[in-house]
C-alpha cells in the first residue's frame, strides 16, 4: 500500500488544510502560514519518503520491467470497458514521482517563507491538491486515471495562477491556462475513445503492448501529442505558460517548470511503444519540439520580466525534450525532465527570492548589482545558470548533450532537428546570460524605495535553494533514470558523443560570451516584445472567432430565427383569427348570405359532384 | 418480479402532502415543505433501495417491482407502475429535486406559501406518475399534468414580464405532448384494427409499433420525438427555455432544469427506444448530430450570456445534449451512461441554481446586475459553487465526468463526428462556467456589505449540510460508478 | 301501452310542472320566488324520474314518432339537471339585471321540453315542432334584457337566422318526404335503400339546418353575436342545453339513412368529406378567432364552435360503421358540465351590461378571490383538455374515435387547434393569476346558490377527470342510434 | 285529363321559397323580413301538399297544419321581438342592429 | 276542351309569384303586407286545386285571418306605414351576389324537383279513398288525433310558449317582473 499512501498523503494535507482554512474563516481569523505550510510540507516529505522506499523496493525486485502494482477499486465497468482505479510504479513513474515529491517538498518549504503575510491555508491546500493530482497522473494505471490527474493538475494550476484573485488579469491568465489545457485534454479524451474502440482497453500496460493499425496509430499518436502540447506548452498551445507567471513564484517553479508541464513528456514516454508505431507522429513531434525550442528561445531574448524569461526558457527546454521523444530517444527526454526540474526549479526559486527581496519588482531592467546584496541567491542562481547552459559538470550538460547526440544518431534522428536544437542552445546561453548579468551584475538600477528594503530571504527559502543547487550540480551524474526502447544504429549518421560534447560546450560558451558582451556595459532598457505575436493571433482568430460565432448564433438564430419562427407562427394564427373574423360584420343578412353560399356550395357538390346530375 | 402495491405510495403520499400543505400554517410552511420532501426522499430511497444498491443488473432486475391497478378498463389504460433500474433513478432524483427546490431561495414563502407548497407536491406527484407508469396514457397524464404547477409557479412567483415566457413554455410543450398523444392514439387505433384487446400498456404497444408500415412508423415516431425533444430540450426546439428559466422563481427553475428535462430523457429511453427501434436507427445519424449541435450551440450561447441564470439555462441545454447523445446511441450501454449522466446533471444543475439562489438572497438580487467579488465575503458558499461548477464542466472525479466519459465513449463508435463536435462543446463548457464563476466570485466587491441585512452570513446550517452531502455524493459516485452500471 | 305511459312519466311530469309553474305565477303574481322554486322542483323531479328509469330496449310510441329509450331518458334527465343548475346558480344574475320574472322559468321549462322531445323524436314533423318549441323560448330568452339594445339585437339575429334555417329544415323534410313518402325516421331508413338525389338533397338540408344550430363552421356566424348579447344565464343555456340536444339530434339525423345501402355509397362518401370539411373548419375558425377575443362571452362562443368541431370528430369517427357514437355522448357530458360551471361563474361578473364581461375583468382575480380563481381555473383547464379534468377524457374519446375511423390528418389538425385554443384559456388564467388587478377590472360577486352549483360542477369535472369509470361504463352502454 | 301535374306546384313552391329567401337577404325592414320568412314557410307548405298529392299521402297535409301553427307562433314571437327592439332603438331597420360584431 | 285546372294553376301561380315579388319590392311595409295577403289567397287556391281543402281553408283562416292581421297591427303600432328606402340601402354587390346565389339555389331545387315526375306513390290516400273515408277533413282529423296526437299536443306547448314569450318580450318598459322590485 506504499504507493497508495504516497499518493494520498498530499490529499490528507489538502483535507487538513481545507479544514483549517474554513475553520479560521468561520472564526474570522487569519490562518497561520507556518501551521498550514508545515502541514502541507510534512505531507510532502512523508510522500517523498514513501517514494524513496518504493524506489528501493523497485530496485530490489528482479525482472526486466520491475513494477509495483496496487489496485484500489474498479472505477468504471460497462460492457467491454473495465477501468481499474489503481497505481503502477515502474522506473518511469519512479523518476517522476521522486521529482514531484522531492522538488515539491522543497518548494512547499520555500513557500512558507515566500508566502508569509500573503498566503493562507488556501494556498497550501491548492499546492497539496496539485501534488495529489500530479501523482495520480504519473502513477495511474489506466488512461482515465491519467486523465483524472491530467485535468486535476490543470485545475490546481488554474487555482494557483489565479490565486491573487482580486486582480482580474490574474483570473484571465488562469482561465486562459485552463482553457488551452482543456483543448489539449480533448486530444487525450478522443485518444482514449480510439484506444477503446480498437484495443478494447484503457489500461496503460495493455495498451502499450497493443499493435494498432498504422492509420489508427497515427491518429492516436497525434491526438496524444495534441494533449501533450496543451499540458507541456508546445506549439500551438504554448501561449498560456508565460501568462501563468501571474501566480506566486513557487507555483511557477513547481507547476510551470518542474512538474506539470513535463507531464506531456511522461505521457509520450509512457506510450512510447504506441507512438513509435507511426513515423508520421514521430516526425511531427520532433519537428514541433524543435520549432518550439527555437521559437521560445528567440522570444525569451526579448523579455524583460524575469519570470517571463524563465517561462519562455521552460517552453524552449520542453521543446528539447519533445524533440528527444520525437527522434525516438524518449529516455533522453525523461533525463532532461529530471535535470530540468532541478535547475529550472532552482532558477525560479532564485527569481522568487529576488522578487521577494525587491518587494515584487520583476523587471530585469530595474535590477542589477544584486550579487553582493543577495549572496546566497546569487550563488545558487549561478548553479542553475550553469546547469541550463549545459556547462560541465552541471546536470544540464549531460541531459542536453544526450538530446543533441540522439537527435543525430537515434532511429528517427535528423540533422535539421539537431541544427535547430543546437541553435536554440546557443540562444539559451545568450538569454540566460543576459538575465544573469542584468540581475546580478553591473550598476544597481533599483528604484529608491525598492532599494531600501532589499534583504536576503529567510532560511526557509534559502535552504531549498541550496539543496536544489546541489541537485543541479550532481543530478547529471546519476545518469539516465529509465530505460526505454530506443532503436540505435539506424540513425541518420553516427557521430561520436565526444564531438557533440565539445560542440555543445562551445555553443554554450559562445552564447554566454555574446550575452555578457552585450549586457555587461551600459544598459539600454529594452521593451518587452513578442516577435511572433502568436498570442495576438489566437486572440484575433480563435477568441474573436468564438465570440463572433456566439454572437452570430445569438443574434441571428437565438434572438432572430427561433424567435421569428415563434412570432411568425403566432402571427399566422392571429392572422387566421382576424381573417375569419372579418366576415363577422354584425349584419344578420350578411351571415345569412354566407350560410346560403355555404349551402349552395354543398348542394353543387351534391348535385353535380356526387350524382353527376345533368351530365 | 414481485407484485407490490407499496408503489402506489409514491403517488398517494405527494397528494397527501399537497392536501396537508393547505392546512399547515403559513409560518411553518417552508419547514413543513422541506421536512415532508425529505421524508418522501427517504421513503423513495427505501422503496427503491433494492434496485439502487444492487451490485449486479440481475439483482436489480429481481428487485424490480410492478404494480397493476385496473383504472380505466374502458380505454384499456391501467395504472401499471413499474420501479426498475431505469425508473428508480428518476424517482429518487425527483424526490431529491423537491428537497433542493423547497430549500432554495425562500422568497416564495412570503407570498401564498400554501399554494406554492401544494403546487410543489402536485408536481412531485405528476412526475412520479410519469416516471413510474408503464402505460402510455397514464404516462401522458402525468407528463401533461406537470405543466399545471409549473405554469403557476412561474406565473405567480416569477419576475416581471413572465406571462409571455409562460405562454411560450406551455404552448411549445403542449404542442409536443399533444402530438405525442396523437401518436399514442395512432398506435391504439392500429391495435384496434389488428383486432387485439385495447391496452395502452407499453408491452402491448411494442408489437403494434413494430408492425407499422415504414411511413406510419416514422410519423408516429416523430410525434414522440417532438414531445421529448421539446421537453429536454434539443436545439431547434429549445426556444421556450431561456426566458422561462430566467423569469421563473428559483425553485421552479430548479425543478425545470433538474427534473422536468429528465422527462424527455426518460421518455426517450423508456418509450421511444423500444417502440421505434428501426425508425430511430434510420435517423440515428441525424439524431446524434442534433444532440451534438445542441451541445455546441447552447454552449456558445451560454458563453455569450451575461445573466447568470440565462447562462445556467443554456448550460443545462448543453449538458442535456450529452445525455441525449448517449440515448441516441441506442445501445444498452449508451442509455445506461445517459441515465448516469442524467443523475449527475440533476444534482449539479439543481445545486447550481440552488447556490445561485443563495447568492441572489445575499446580494441585491440578480436582476439588478451581476454582483461581483463575493467569494471573499462568502467563502463557503463560493467554494461550494466552485466545486459544483467543476462537476458541471465534468472534471474527472465527479459523477458528471464518469457519465459524460461513458456517453462519449459509447457514442464515438456510433458517430465519431458528433462525438468530436460535442467534445468541443465540453471545452466551451469550461469557458462559460469559468466566466460564470469569475463574474460573481472574483474582482473587487461590488456590493455594500452594510446593505445586505439579515442574509449577510455565509452558507450554514441545514443548507450547508444539504450542499455538503450532495457534493459528497457527486464526488463519491464519481468513483463508485458500479451503483449505476451494475456490471452491465 | 301502460308500460309505455309509465316510461312517458318524466315527460308528463315536466309538462305538468310547466303548467303548475304557470298557475302558481298567475296566482301569486306579487312574487317571483314561487315560480323559481316550482321550476326547480319540476326539473329536479323530472331529472330524478327520468334518470331512475333504465329501459333495456327502446320503445317507439305514437306511431313510431317518439322514442323512449335509455338515451332519451338520459337526455331528458341530463337537460333537466343542467336546467336545475342554471336555475339554482344564476338567480342572482336575473335579479341584478331585473329580468327575474316568472316568465323566464316557464320559457326555460318549455325550452327543456322542446329540447328533450327533439332528441326523442323519430318523426321529422315532430322534430320540427320540438325544434321550434325549443327555439322560440330561446329567441325570447336571448332578448330578455329588454332594455338593452344588444340583447334585442341578439334575439332578433338569432330569430331571423333561426327562422330561415327552420324553413330550410322544413324544405329538407319536404324533399325527404317527396323522395320516400314518409316522415318517420324508420320509414326513411327503409326507403333510403333505393337512394336518389332528392332524398340526398333533403337529408343534406336537414343536416345543414342542424349544423347551423350547433354552430359548425361555416354556419357559425350567429353564435358569437347571440352569445354576447344574450343574458349570461341564457348564453349558458344555449351553450349547454341547446347545443347538446341539437347535436344529438344532428347525430340521429345523420344516421337516419341506411349506411349499408349500396345506392347511397357515393353520397355517404361525399357527405363524410363534407363533414370532414365542417369539422376542420369549425376547429380552425373556433380556435384561431378565440385567441383574438377580448369579450369573455365571445371567447366562449368561439370556444363552443371549437367544441362543436371536437364533437364532429366523434361523429366522423363513427360515420362509416354507423356505430353508436358514444364518444359524442361522453364529450357532451363533459362539455356540458364544464360549460355550465364556466357560465355560472361568468354570471357572477358585475360588469356593466353594456360592455359585457371582458377578459380584462379577470385581471388579478386571484388577489381578490382565490376561491373564484380556483374554480375558473378548473373549468378553463378542463376546456383546454388538461389531465385530471373531464375535458381530457372527453377529448380522448373523440380523438380516439376519429383515429379509429381513419381520420389521422383531422386528428392532427384537431391536436394543433387544441394547442391554439389552450392559449386562449391560458391567457384568461394568466390574467387571473399572474397580473395585478387593474383599476378597470370589474367586480365579481359570490352567491350561495352559484357557489353550490359551481363547486358541484368543479367537483364533477375533477371527479370525472380522475375516476371516469362509472360514467364511461354508463354512457358506453347507451346507444345513440337505433 | 288536365295538364296540371304536381311537379308544377313544386316549381312554384320552390320559386316562392327562393323569393322569400332573397327578400330576407336584401330587405332591411325587419317587418318585411318577417314576411319573407312567412313566404318561405308557405313555399315549403305548398311543396308538402304537392308531395302529398304525388304520394297519395296524408302526412303532407298534416305537416302543413303544424307548420301553420308554428308559423303563427313564430311570427307572434318575432313581432314581439321587433316591438322590443323598436322600444330601445326606435327603428326596425336591420342595419341598425350591428352593434355585436367581430 | 279548356283545361280549367291548368288555367287556374297558371293564374294562381302567377298571382303568387308576382305577389311575392311585390312583397319584397314594395317600399311600403303595408303594401308588402297586402301583397302577402294576395299570395296567401293564391296559395289557398293552389291547395284547393290539389284537393287539399282543409289546408286551403286553414290557409285563409290562419294566415290571412290571423297572421296578416297581426302584421298589419304591428306595422301600424310601430308607425311603419310609410315607404322605406331600405331595399336600396343594401349594397349593389350584396344584392347581386344574393340574387345569383338564390337563383342558383332555386335552380338546383327545381332541377331536383323535376325528379318528382318519376316518383312512385308510396301511400294509398287517393282522393277517392278520402272521399270514401268521409272526406278530406275527416281523414286528416282521424290521422291527427291518432297517429299525430303527440305533435298536436306539443303544438299546445308551442303556443303556450309563444304566448308567454310574446307577453314577456313585448310588455311595456318598466314593468319587467310582475312586481317591480
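We call the chains A, B, C, D and E, going by the order they appear; numbering starts again at 1 in every chain.
Following the convention adopted for this analysis, contacts are C-beta pairs under 8 Å (C-beta built on N, C-alpha and C of every residue); 3 or more make two chains touch, one makes a residue touch a chain.
Only a predicted model underlies this, so the values are computations on that prediction, with no experimental measurement involved.
Removal of chain C from consideration leaves all other chains as one piece through touching. Any chain bridging chain D and chain E, meaning touching each of them, is among A, C; the list is complete. Distance from chain A peaks, on a Cα-centroid basis, for E.
Across the two candidate interfaces, B-C and A-D, the one carrying more C-beta contacts is B-C.
A comparison of C-alpha centroids places B closest to the centre of the full protein. Between chain C and chain D the centroid-to-centroid distance comes to 26 Å (mean Cα coordinates, whole Å). With centres set at the average Cα position, the gap from chain B to chain D is 66 Å.
Averaging Cα coordinates per chain places chain A and chain C 77 Å apart.
Averaged Cα coordinates give chain A a centre that lies 102 Å from the centre of chain E. Contact with two or more other chains is made by residues 10, 17, 20-21, 24-26, 28, 34, 47, 50-52, 54-55, 57, 59, 62, 66, 70, 73-74, 77, 80-82, 84, 87, 94-95, 97-102 of chain D. Residue positions of chain E with contacts to 2 or more other chains are 90, 94, 98, 102, 105, 108-109, 112-113, 116, 119, 121-123, 148, 151, 155, 158, 161-162, 165-167, 169, 173. Of all residues in chain A, those that touch two or more other chains are 581, 584, 586, 588-590, 592-593, 596, 599, 603, 607, 613.
Going by the touch rule set out above, the chain pairs that meet are A-B, A-C, A-D, A-E, B-C, C-D, C-E, D-E. Note for the complex: chain C touches chain B at residues 366, 370, 381, 386-388, 392-393, 396-397, 399-400, 403-404, 408, 411-412, 415-416, 418-419, 422-423, 426-427, 429-430, 433-435, 468-469, 472-473, 476. Taken together, the chain A residues at the contact with chain C in this complex read 573-574, 576-578, 580-581, 583-584, 586, 588, 590-592, 594-595, 598-599, 602-603, 605-607, 609-611, 613. Across the complex, chain D is touched by residues 581, 584-589, 592-593, 596 of chain A.
By the touch criterion stated above, chain B contacts chain A in their complex at residues 168, 236, 238-239, 242, 297, 300-301, 303-304, 332-333, 336-337, 373, 375, 379-380, 383, 390, 395-397, 402, 405-406, 408-410, 412-413, 419-420, 423-424, 426-428, 430-431, 434-435, 438, 441-444, 479-482, 485, 487-488. Against chain D, in their complex, chain E makes its touches with residues 3-6, 9, 13, 16-17, 20-21, 23-24, 29, 32-33, 36, 39-40, 43, 46-47, 49-52, 54-55, 58-59, 62-63, 66-67, 70-71, 74-75, 77-78, 80, 84, 86-87, 89-90, 94-95, 98-99, 102-103, 105-106, 109-110, 113-114, 116-117, 119, 121-126, 129, 136, 139-140, 143-144, 148, 151, 155, 158-159, 161-163, 165-167, 169-170, 173.
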